[in-house]
Structures are given as C-alpha cells and as structure tokens.
Amino acid sequence: MNVNAKNNKSAKLEVLMDIKDISLSFGGLKALQNVNLHIQKGEILAIIGPNGAGKSSMLNVISGIYIPQKGVVEWKGKLRKKIAPHDIARMGIARTFQNIALFRGMSALENILTGRNILMKRNLFLEALYLGMGRKQEEEHRQKAEEIIDFLEIQSIRKTPVARLPYGLQKRVELGRALALEPELLLLDEPMAGMNVEEKEDMCRFILDVNEQFGTTIVLIEHDMGVVMDISDRVAVLDYGIKIADGTPDEVRSEQKVIDAYLGAG
Amino acid sequence: MDWWFFIEVFVGGLLSGVMYSLVALGFVLIFKASGVFNFAQGAMVLFAALTFVRLLEMGVPALLTMAITIGVMILLAIFIERVMLRPLVNQDLIILFMATIGLNYFIEGFAQLIWGSHVGVLDLGVDQYAAFEIGNALINKFDVWAALIAGSLVLVLSLFFRFTVIGRALRAVADDHQAALSVGIPLSTIWVYVWSTAGIVALVAGVVWGSKLGVQFAISTVALKAIPVLIIGGFTSVPGAIIGGLIVGCGEKLAEVYLGTYIGYGIENWFPYMLALIVLMIRPEGLFGEKIIERV
Amino acid sequence: MIYRESGQFKTTYKADQAILPIFQDKVAMGLLMFFAFVIIPFIADDYWLSSILIPFLALSLAALGLNVLTGYAGQISLGTAAFMAVGAFAAYNLQVRVPEVPFLIAFIWGGLCSASIGILFGLPSLRIKGFYLAVATLAAQFFIEWLLTNFGWFTNYDSSGVITAPPLGIFGFAIDNPLSKYLLVLTIVVLCAFAVRNLARSEIGRAWMAVRDMDIAAEAIGINLMKTKLLAFGVSSFLCGLAGALWAYIVLGTVEPQAFDIMRSFEILFMVVIGGLGSVSGAFLGAGFMILLPILLNNLGSIVTGSAISTETIAHIEFMVFGAFIIFFLIVEPKGLARLWQIAKEKLRLWPFPY
Amino acid sequence: MVYRKISTVISFFVLFLVSASFAGEHFVPITSYRTGPYGVNGAPAANGFVDYLKMVNARDGGVGGVKLAWEECETAYKPDRFIECYERLKNKGEAGATVFQPLSTGSTYAVLDRLAVDKIPLITMGYGRTDASDGSVFPWVFPLMVNYWSLSTAKIKYIAELEGGLDKLKGLKIANVYHDSPYGKETGPILAKQAELYGFDLKGFPVAHPGIDQKATWLNVRRYKPDYVVLRGWGVMSQTSIKEAMRARIDASKMVGVLWSCSEQDTIPPGKASIGYSCASMINPGTNYKVFQDIVKYVHDEGNATGPKEEMANQQMYRVGVLMGVMTVESIAKATEKFGNKPMSGEQVRWGIENLNLTDERLEKMGIKDFIPNFRVTCADHEGSAPVKFQRWNGKSFEPASDWISTDQSIVRPMIEASAAKYAAEKGLSSACN
C-alpha cells in the first residue's frame, strides 16, 4: 500500500522546507558542512548516518534551535529568520526527543492536552472561574485529545501518570503530544531507540498512519536501517557533517559511499 | 572627605568580610562534593559553638574540648548522611536544599535542647578591643586575628584538597560520582568526610564568631550573610568564598556608611543580596565558580 | 460512607472534567463547606475562631499562593512574607490616602501591588533556577522589609512604625467580632482555593506544570517560558498579598513590618512542603499542621505545667519536630500530607480487595 | 499514620480542655518567651514572675485567702503567638484571667482592641504603647511606673546630671542607637522635642534585628563623634553595641542604656567594655530586700524554684520578673479590698490597678521598700510616673548610679494627651474618666 501511496505523493513536488548549503560548527568542531536538503510536503524523510555524523544537529537546524553560520533555510518558500524556541511550534513544526521528555508530573491525557495549549486562548479570569470560553475550550480540546488517544490506542492509560508507564507507551504518549499540535512538519528523534520488535512495529504503524491520515510531513532520525528503509519515502545520509547520499531507499542502499561509511563506521 | 575614615571603613569591611568567608567555606565544601546547598551550615555553627562553650563551662580543658567537639561534629555528619542524605541520594537537588532547611531547624532545636539557650561567653585570650592605629584609622586587632585564622584555614583546606587522598577523592566527586567510586571510596563515606570537614569549619567559625558575639542562638543567622558571599564568589571555589566575603564585607560597609547617610541606615541587610542578584544576572556561576550545567 | 467509583460512568467528557468527577468527593466537599460555613459558627468559641481558625485560613491562603509558584510552576521562593507585607501595607495605605475606599477593594489593591512586585522579583527566574532563584527572592525579602521599616510614608509616619487596620465594615454591617471575621476570611479563602483549582486544571495550570517538569519540552510545544513563569509569580504574589492583608487587618489588627520577616517565609514554605507540593488541599493541610503543632506542644507543656517540661524545652522540641517532619516528608512522600490522603483514598477505593 | 496523628491531636486537645480548670483561685496568665532571639531576656523574667507567685501562695496562702493559680504560655516574642496565648488563657479560671503582662511592645499593640471587649486589663511596665498612659482613652492599659517617653526625659536629666546641669546640655551631641522596631522607634519624637528644648544635637542610628553585626552602624556613630550615646537596645543587640562602642573608642561611661538594655546578658559578654556603662531601671539593684529573702525561704529552700538560685542575684531580668509578679499580686490585693475575698475577674482587677497607691508604708509591708519608688495610679494617669533609678555596671554587678530621678511630665504629658486624643478621634472613643 505504501508503494502507490508514495508514487502519487512524489508526483506533486511541493517543497515545505529548503535548506541551502548550510554549515554549522561548534567552536572548532564542524557539525555540518555545505549541506543541501529539501523536505517535500507529505513525505517521510529519514536522516541516517553513523554516530557523530551530524544527524541531531541537522534536526535542530530544521527545528530552528540551531542557526547555521552559513547558508539559508527557507520555510514554505520564505527565508526563515531567527525565532524564539517557543515560536517554532507556532510555525507548525513539532518534535519528539531522543530520550523521552514528557511532563512526568502529569497523566497521559494531560500531557497530550498540554500539546493543545498552543491552540488555546489564554484568559486568566475565565480560566480561574472555569466559565465561558475558559470552560468551552477545555472541553473542545479534550475532544481532540481523545481522538488522538483513540488513534494511538492508549485509552486505558489516559489517567495514568506518565512516570508510571512502560518505555514504549511513554514514547507513544510523546508522539501523541507532538500530534496534538496538529503540525505540518513532525520531527522524530530516534522514535524507536531502545524498543523491542513489537513496540517498533507499532511505532512504524503509527508513523505511517500519521503520514497517511493527517498528511503530516515527517522527518525522522533512526539507527535501525531496516525500519528506515521500510517506512521512509526518501533517505538522506550524513557522514562527518557532509551529506553523502539522498534518494529513495533503494537508491541509497546501492550507493557505494553509504556502504563504505557504514562499513567504516561499523 | 576624610580618607583615614574611608580606610577604616574599607579595612573594617575587609575584615568582617573574612568572617563571612569563614562561614561560607562550610557551604563551599559540601556543595563542591555533593552539589547540595547546605542551608543548615548556620545551625552547625551554632551547634559546634554551643557544644564547645558548654564543655568549657563544665571545666573541660580547652584542647580536650576541641577534640570532643570535633568528635561530636563527625558524629553529626555520620548521622546526617545515614538519616537524610542516603535516602535522598538521587533526589532533585532542590529537594535536598529544602531538606537542609528542615535540618537547619532540627539542629537549632536540638542544640538548644541539650545545651540550653543562655549566652555562653568565650574568651580566647585575645583582646577584642585593642586596635592598631594607622593615621586616624582604627584597625581592630581581634578582627585581624580572626582574619588570620580564616586565612590559614583556607590554606589548610586547599592543601588538603590538593595533596590528600580524601581531598582528591572529594574533587573527583565534585566532577562526577562515578569517578569518585573509581577512586575506590564509596559515596556515603565521602559524604561523611565532607560533612565532617564542614562541621569542623563550622566549629572554627563558631568559635571565632562566638567569641565576638557571645555564643547564642543569634549566631546561626550569620549563615544568611554567607549566602550572597557564595553567589558572588561561586559555590565551588574555596578562594571564591574568600574573595566573595571580602567583596560583600567591603560593599555593605561602604554602602551603609556612605550611601546610608542619604537613603537611610540598615542597607547592609539587603545590599549584599542585591549585589548577589546582579552577579547572578550577569554571571550565574559566580566570579570563580565553574559553569553551572543545568543541575537545579 | 463507602468510597466507590465503580458504576459511575462518565458519558461526556464534560462530566469527566468537572472539578470533582467522583460523586463521593462532591458530597464530601459539600459536607465540608456546610461544616465550615454553618456548623463551625455554632460550635467554635472565640478562642478557636480568632486564634486558630482565622490565622489558619490566612496562612493557608499564603501557602496556596506559594504552592502556585513552587508546587505548580516549580519556582522556589523564600520571599513569601515580603509579598504578604506588600499586600498588607498597600491595602492600608490605599485606605489611609482614600478613606472612602471599601476594604475589599483595598484588599484586592494590596494583592495587585504584591503581584506587580512579585513579577518584578520574578524576572531573574528567566535566567536562574533552583536555590539561585531562592536567593533572588531572599533579596526581595530583606529589601522590602527594610523599605517598609525605613520610610515613614508606608506607615503613615506612625511614631513606632506600625500600621493599625481601620475598622472593617461591609454594607453598613460592621465586621468586628470573631465570627463575622471568620466568615469573611473563609469566604475569601474558599473563593481563592477554587480559583486556583480551576487554573490548575486549565490551560494555564498545564503550562505551569509543563515548565516545572521539563522546560525544554515545554518550549518545544510552544509554551512561552517567560510569560508562564511571570504569570505564576503574579498569581502567587497576588494570593500572598491578599493573605498579608488578611493577616494585618483581621488576624493581628496592628502590625509591624517585622511581622513579615524571613521566619514567616520559611514557615509558609514548610506548610507547602509538609502539606504537599502542587495540590490545593496540601496548602490547607500544611497550614493546619503548622498552626496546630506548636499549640499542641504548648498545651502539652501547660498540662504538665512547669514541673516536667519547661516551655523552653517545648519550643526547642517544636523546632526539632518541624525540621524532622520536613525531612521525613521530603524523603518518604515529597507530595506531602495531601498525597498520603490520596493514597488512603485509593486504598479505600479498592477495599476490601487488596488489588 | 495520618489517622493516628489526627487521633493524637484530638486526644491532646480534650486533655488540655478538661485539665486546667482553676476553681476558686485568682487566675494569673503568664505569657512568657523563653525561646527565640529574646529568650535570654524572657526566661529569667518569667522565672522571677512565677517564683514570686509561688512565694505568695506559700507565705500568705494566696491573696485574701484565695490561692493564686497561673498558666504559662510561650509566645516566642511573636505577636501572633501572643494573641493565641491571650485567647487561650483569657477565660481560664473561675473568674477569668486577672491581668496580662506581654513584656513585648509588638504584642501589646496586637491585643489593644480586644481588651475592652474581653474586659481584661494589661500591665505594660516600662514598655508598650506610650500614650496609653492617658487612662481616659486607654482604660484597660497600664504602662505602670514609667513609659518610654517619661523614661527618656529622666535619661536626659541623668546626662545633664553627669554634665552638671540642664544648661550644660546645650551644644552636646547625643547619638540615639536604637533597635529598628516599634519598641526602638517609640522614643524618636520625645528625644527630638527635648533636643530642641535643651539645644543639644541629636542623631538616630537604627540597628536592624537581631543586631549581631553593628560594625557599620558604629563606624557611623564614630564619625558623628557624639558626647553621649543613648542605647535603646534589646536582646543580643545591646551587648554587641557595648562591644562595638569600645571598638569605636567610645567610652562606656558616655553610654546610657534604657530599661531593656540594663541586664547582665548585656553587660557580661562585653567584659571590660561595659565597665562604667550605666542604664535606666525601674528598680534598685541588689537583692537585700525582704521579698527576695522570702522567695529564697519559701521557694528556693523548698526546692520548687523555677530557675537556678543564682539568677536572683545575677539576673536583673529576674528581679524585673519579680516586680511584674508584685504588681499583679498587689493589683489583685487592691481589688479584693473592694470586691471581697473571692477569685477576681479582669474587670475587678482593672479597678485594683487603677487605684494602686504604693506608699512607703505599703512598700514596707510588701517587703520592697526602696526596691521600687512609691507611686500612685489614677484614672487619668495610668502610669503613675514613678522616678527612675540609674544603675552602673562595675564589672561584676550593677550598683546605683543616681538617686531616683523624677521624670519630666511637663514635656511628656501634653504629647501623650495629644497622641491619645488623635487615637480617640480615630476610634471615636469618649473619655473613660469623669
């Protein structure tokens, strides 16, 4: 089913983000060098590479946390300026973290609801009185949150404090929280790290469904080559901060540089 | 303006600054080794001083008293490690901070419960009132003497850190706990060492402050003076505590004398904190501290 | 009353989001309110009203305020008493300068002044955390105390630097006896408690907790740390200011700046820690504990007057017990008495079956 | 464990509610502070107070055949704690509490409004709200013997005595080092008034609580180069001031302390610095008065003293405590004269205090002749404006430094009446005397 899905997607080539010839370095260390990368609307793009290849740096450039010293980033055809971290989400970019960054003091539901905060209006008095809009929006967004909960099949753990959940479920809740923002672009930082096979399969399914049902563009970093090749429409390979390959899984798989890099690294 | 008077204020400030450092040292030791901000340091000063003076009142010879008190402080350290630190070992540092506030109250109550709260007079045979006269400026001998004690204590501590096994272990711990274990000393032991050392520093501070103010409940409040010292000097630096103390001492005295005339006296209660606040905004790790990695 | 959730199915999310979803809790709260508003006025004598219940309520409000800041938004403060002082003195001065202002307006004005000062001293929280922030709030504590002591204007140039609350009255009905004062304080405190509870379960509350639990993630999902933290400081100080006004006007009547010294700040921090961080009921439980314990020990002392235990000893023991409890709760149950109560409820819910 | 805690709480309250029911006794509430920053002063005072009551019970079997009963309540010098104690004790005993003595200015202010409602008098000897001396406005408050302002006039007179005449005050520089609290500030106005009256120069130097670090303050004092220093300290502040004064080369003989900077806690720790330091007092130093011999005989020798025996000799605050006891008992005694030998109520004791007349014969009978001066309370004058004794510390003990110096009511009284009138206007009170 993915195949034809991919085809008709790759038919319309609308570029969501275009990263042009960027370089990023911390002090002496060159994290990224003259990297070009474009993200097409609706695709699943995987960024892979051995450790220290600059994957996370790349993700942070995309999310706007890092500002490259050289090169430009265009978002929907417009040049993206430096923005406050909390405005990234408002641009429609959501992310999950490599090591889970849930709000441990809250239940699964609350975590997901917090993701909706960005879509809510703030009114101290109405919220304090729990009246009018203050109440209405809580109930509306509860509705939305429940949809996500159903989608991720975590109804049973709704009210459980996330700290008590097993790893796999925590990852799922975190995905839910990101989805709650209704982002255009979803960044997943090693969504399957440290999962067992079943958990991985579930996660793959969710990623694909998100992409299918909500048409969300997804950029993910992943070590597990197998998984990456299965689910992604396009794969970009980084090695020592340089992009050495970019194309469909099959193209990349056959790319000599990639093989060397991985053998070298492995 | 009267420059001799200015000198007197300035030097007076420096000397009382050293007294603050003396208290601040205790904080630094513990923070260095465990990242814990020990709010109870003031109470430890009180406890040590009370123990010391009451034993003297019972007619115990001075040296023996000193030995016993040190012993008591070590016991206290062990007690604290067992009862409070061990259960909280992996807790958020802010929790530990609040725990030490509780500890502060506990020790204050305990100290006065067993030793009583009447003022203890501590005479170290140093004339508190003699002073050097430089021009028209009076420099109090006792303060100078106290400064010397503080100075030598700092020296001893830095040597201790540099050259003894425990000292090295402590510095290792400061970097990270794994490293400490690799030195071959269990964390709990190290904490006992640190808190004991801090207890002994508290004793010295208590004796000096006590002989200056009389040993009584109020000396536990000198801890509040030490906090801005730490912020300014940096929590992790022994010399920082000294410099911080000097800055606070001078700053508050000069402010009190020269600013106070215009905006009203009593500035010295908040001035150090405002100073600390400014430092925090510009350089959160303090002038000498190591950079703070998001720990608290 | 048996505590059972089973059989209560929420058919709408609306119902599930009610302030007290569980039926028994609704009933319990109703009974509690009934008791506080109707029964107590009949059974409590002046002693209980004016020296236990009223101070208890006033301090609960302060604890509630601190809990917003420390419990929900995770920003520690040692300047609570200073913010109370601002509230008290602001309210007083408004009424001195503009005599016709009714006291309720004055109270709110006090709260607002306190809120703005709180926000001002909250600014450092954008750069510093943990006890570094505590130091910033200590600065507030000492500075404000000095300000109020040092400048006669704040006390209307009273020769001994104290403020005396003007008599309270509402709609021509004088509030001068313990009972009416109690009812007034109770009403204010209950309203505030419900407001905080509502905030806590709304968008703002989640933002606060998000900042507390994981600020990086909070930013990543679009929460503005600065606004959220400062809002917490504002709301917190507002409540503290209000509590301060109550303390000055109703508990003491005549008050000096020293009544809001650092010891008070610690006292309130203890209430929050013992009662439970991040819970409304915790503020009340903590305050109750902190108020009752000294009185209890004190009575314990006077029962065996002089003979066995001197009041001196008692007071020292009091210090030790406080300290011990702080440590105990931080070790055993950081969420304090409120959490213990919750656990008790969960047990009750499953009773008699252990699982 | 929660439940167990709650149950213990309840059981304790029940216990204390049933426990203290003092049938057929004069009930004396004792609100003391043995702890906190001022515990060092509060503890001996409380001991003196209690010992005196014990003595009266043992020697005379109470007052008018009715035993004295008392209950002590720790306030830690905090107004809110005092209110709690006040509310708890005010209805104890068959006829309720007789009279309170807070021994704290802050606490005095805190209960001012409650007294009239509860019909309980307050004795604030040498402290409290000064203008309460005007009995027509403050019928329930008695700043017996001497209030802050009267004391201040005596102090200036004493300084004049040292200088050799009031006219010598002209051009003197007097520094007022005071505790930065209501207590400390209270004498500001009167001193200013006297400064303009006698033409001496006055400068105030506040010391923030608790006052353990006063270096900067005394640098300022030193810069001011005063001829005399009036020390208005309390608790640990006083001794520190005396030390710092010497450090700043200000001679102790040029320092005059007030009532509350006049105890051994203040003069012993500084050692030689306090030799020659003199301070005001309501009482004569020393213990060779009958009352103390009786306390030794009936209390200490019986082995049921509250504190250590030495206290009596080496604790001024103990002797002040005894004085507090004396006043309470004497007021009750006076009341029984009118209302008969039964437990006295607060209202009745109020009458007793208002009609106190301590003549020499009376003092003789009470065994405190010359321990305190004689004075007389009236409805209008709740102070009785007794003269003040100045004491000098000789390194071992206090000794008289002056005769009984009378206060200057011609200055104080108008100010008191003005201030009281202002208060009466605010509260809409009418004169209680006629």
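A, B, C and D label the chains in the order they appear, each numbered from 1.
Please note the rule applied: contacts are C-beta pairs under 8 Å (C-beta built on N, C-alpha and C of every residue); 3 or more make two chains touch, one makes a residue touch a chain.
Everything quoted here is computed from the prediction, not taken from an experiment.
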By mean Cα position, the chain sitting nearest the middle: C
Most remote chain, CA-based centroid, reference being subunit D: A
Whole-Å gap between the CA centroids of subunit A and subunit C: 42
Interchain centroid distance [CA atoms averaged], subunit C/subunit D, Å: 36
Centre distance in Å when subunit A and subunit B are each reduced to the mean of their C-alpha atoms: 50
Sequence positions of subunit D contacting 2 or more other chains: 34-36, 39, 43, 180, 206, 208
Numbers and ranges of subunit A residues touching at least 2 other chains: none
Subunit C, residues touching no fewer than two other chains: 146, 149-150, 312, 316
Each pair of chains that touches, named by its two labels: A-C, B-C, B-D, C-D
Subunit C partner contacts - residues on subunit A that touch it in the complex: 63, 84-90, 94-95, 97, 101-106, 110, 113-118, 120, 122, 124, 127-130, 134, 137-139, 142-143, 146, 177-178, 180-181
Interfacial residue positions of subunit C with respect to subunit B in the complex: 76, 124, 127-132, 134-136, 138-139, 142-143, 145-146, 149-151, 262, 266, 269-270, 273, 312-313, 316-327, 330-331, 334
Subunit C partner contacts - residues on subunit D that touch it in the complex: 1-2, 9, 12-13, 15-16, 19-20, 32, 34-36, 39, 43, 50, 71-74, 76, 79-81, 83-88, 90-91, 105-106, 109-110, 112-113, 129, 180-183, 185-186, 188-189, 206, 208-209, 306, 419, 426-427
Subunit D contact footprint on subunit C (complex, rising order): 46-47, 50-52, 55, 146, 149-150, 159-162, 164, 166-167, 251-256, 258-259, 261, 292, 294-296, 298-303, 305-306, 310-312, 314-316, 337, 340-341, 344
Subunit B to subunit D touching residues, read off their complex: 2, 5, 8-9, 12, 16, 112, 117-119, 121, 123, 128-129, 131, 138, 140, 212-214, 216-219, 221-222, 225, 252-253, 256-257, 260-261, 264-266, 268-269
